[in-house]
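Below: a set of structures, written as structure tokens.
The same subunit A turns up in both complexes below, where it pairs with subunit B and then with subunit C.
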Partner chain A sequence: MATHAFKINRYNPDDERRGHYMQEYPLDVQKGWTILDCLNEIKWKQDGSLTFRRSCRSGICGSCAMTVNGVNMLACETQALTLKSSTIVVEPLRGYPVIKDLVVDLEPLVESLYAVKPYLITKTPLPTDQERFQSPEERAKIDGLYECILCGACTSSCPSFWADKKYIGPHGFLKAYRFVADSRDEGTREHLEALDDKHGLWRCHTIFNCVEACPKDLNPTKAISELKKELVREKIG
Partner chain B sequence: MKYREHVRSGGAILWFFQRVTGIYLAVVLFLHVWILHYALKEELGFAAVKDRIATPMWKTIDISFLVIALFHGLYGLWIVLDDYIHKGWLRVFIFGAIAVIALIFVTLGILTILPFNPGGY
Partner chain C sequence: MRVIKHYRVHLGTLAWILHRLSGLALIFYLLLHIWVIHHLIGGEESFDGIMERFNNPLFKFLEVGLIGVIMFHLFNGLRVTLIDMGVLVERQKLLFGIAVALWLVCWFVISVAMISRFGGVPFS
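Our next item is the complex of A and B:
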């Protein structure tokens, strides 16, 4: 057991005059506790007004993405002692409007996701007696793409998104490429249309923050490069 | 869910051109440094370069180097600024200023390279 200082960025929309401020909570962190466990301990035993999102506590839902010691991560997947720091600074995801404390408004994330049409688009009718088949090789092409849980950690770490809040963001590009690379999808043009946009693909300057931030170890920058090649091929032939 | 307004960018061709010009510049810069600083037998000076840069081939290479370097550099600058400048009038002003700078330097460069004739000096 070790005493840690949790410095948490607080914000109460009902107290606009106070704005954002840091509040410190001491906590005896036990071996194996995740950041989410620590936040629960603080909320349940020290300050019931502390607000944060959490749901599955298994790294599946993406609700608890937040910035811990300057790095975006899932609170439920990060053990506090692995940070090797006696002070743990917890902030809401950067770039999104804060609703309260660590809860951010993910509307921009969802809106840009919808723009890339994140679903399978097909033109040929589905056979009545079978599914749309895919060979193991074709299926392997969407490995590293379909696993995205839409936690928002990547886009929140992207300087292009900080500069342009309408920027589609790495999560949108990764999701678009997940369908462009899918052998069953016949709507490449529809997926790409939203990307060749003032707020689209060409705003990515290959900064790689998204790769560092992804808690699922995915590579949005690689997906973005593939999409850029796809669009150039389409224009130049 | 409100859908975003789609604003066409035309960025694909420019993005590709920026890569192609980057490769061209790397090759020409290497040639430039190698020819001037390693392959040259005599001391680097006007006498050593005047005959070479008066030839049509070198005039062509130098003009392409000038135009492509200016395009690559200034378009790169605009790409950086483009992220951070959102006011309409400021964008027009800065884009215009970059275009004018490009035009001035292309004109000055061409006026220097094209009429260059060592016999006349």
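Our next item is the complex of A and C:
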């Protein structure tokens, strides 16, 4: 008798008639195994057709974000036994088109990121043969912002995004504020431009699903609050 | 087996859903309120007539509920405003706890005051 039952969302684009269905795999989960280890065990020993993304298996690359027991997380960072449930339901990130099984098309995630111009914008010329320096205090201001690995767990947990697929999403706002808060950046207006829009900041209803989902323990809602203040300051000075 | 579409309801989600529902309830109340007030055009008799129709235990009970809905929307609204201002965003669950505590205390106090005065004119 296996210790756990994995119920995994299956979808094969070549078998449209069958559509999405849940397949159950029994598995003896050992102490210390992550969800990713479990998926690998199933793929290697039970069903080679099971498809999922993974790469670094150490919470850096963000490939293996998925919905486990109704919450978004990184499969490689979550130990199966910490879920304290003998049934583990694994689904692809919701809100994005499913390509196969647990693999979703994250193109919309990247597109909405482009909208906030996610790069350092400078206007003053570079000091001759020097880098753009930052004091330790200025550098500390982007703590909790630069660590984002763009796994998509936040935006795909956001009800505002489920309702509006053009919504920029918490990942975009966090990235925008990462540059707005950077002392070297001189392009605040450019970063904010796309945010003051019906698909932008104002669609955030402070539901905090993004904060709950973030595997790096970042706080996109805090970034959204700061950006809202920035926009208001710009408007009424 | 069907694909489970459920996403876990965290505390923030619950706060948001309750805020939306209380907001909708308040819109419904406002429409009713405006409809009642519009009887003033018909003069004293018309207004007194409509007020008489609401002067029954059911509507008194609903009024106590209305105060509860208003109080929830008020205190959670203050929580959302603080969050929008960037205040205690990291402690949103604590803020929700405080809002709920204030809501229940105020609702209780006002309800007791209302119930002890019943017999007065509702919607006044």
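One rule holds for everything that comes next: the second predicted complex is superposed on the first by the 235 of 237 C-alpha atoms of A that agree within 3 Å, B and C clash if a C-alpha of one lies under 4 Å from a C-alpha of the other, contacts with A are read in each partner's own complex, and residues count from 1 in each chain.
In the analysis below, a residue touches a chain if its C-beta (ideal position, glycine included) is under 8 Å from a C-beta of that chain, and two chains touch if they have at least 3 such contacts.
Everything numeric here is computed off the predicted structure, so don't read it as measured data.
In the superposed model, A:G172 makes contact with neither subunit B nor subunit C.
When the two structures are aligned on the shared chain, A:P108 is found in touch with neither subunit B nor subunit C. Within the superposed three-chain model, A:K228 lies in touch with subunit B and with subunit C [touch as defined at top]. When the two structures are aligned on the shared chain, A:G95 is found in touch with neither subunit B nor subunit C. Applying the stated contact rule after C-alpha superposition, one finds that A:G152 touches neither subunit B nor subunit C.
Contacts of A:D197 after superposition on the shared chain: subunit B is touched, whereas subunit C is not. Once the two complexes are overlaid on the shared chain, A:G62 sits clear of subunit B and of subunit C alike. Touch criterion not met for A:P220: it reaches neither subunit B nor subunit C. In the overlay built on the shared chain, the residue A:I236 is in contact with subunit B alone; subunit C does not reach it.
The interface of subunit A with subunit B overlaps its interface with subunit C at residues 159, 205, 228. Every residue of subunit C that touches subunit A in the complex is listed here, in rising order: 1-8, 10-13, 16, 80, 83-86, 89-90, 92. Residues of subunit A that touch subunit B in their complex: 110-112, 114-115, 159-160, 163-164, 166, 193-194, 196-203, 205, 228, 231-232, 234-236.
The touching residues of subunit A, counted against subunit C in their complex, run 7, 9, 20-24, 67, 69-71, 89, 91, 94, 157, 159, 205-209, 211-212, 219, 221-222, 225-226, 228-229. Those residues of subunit B that touch subunit A in the complex are listed here as 1-4, 6-16, 79, 83-84, 86.
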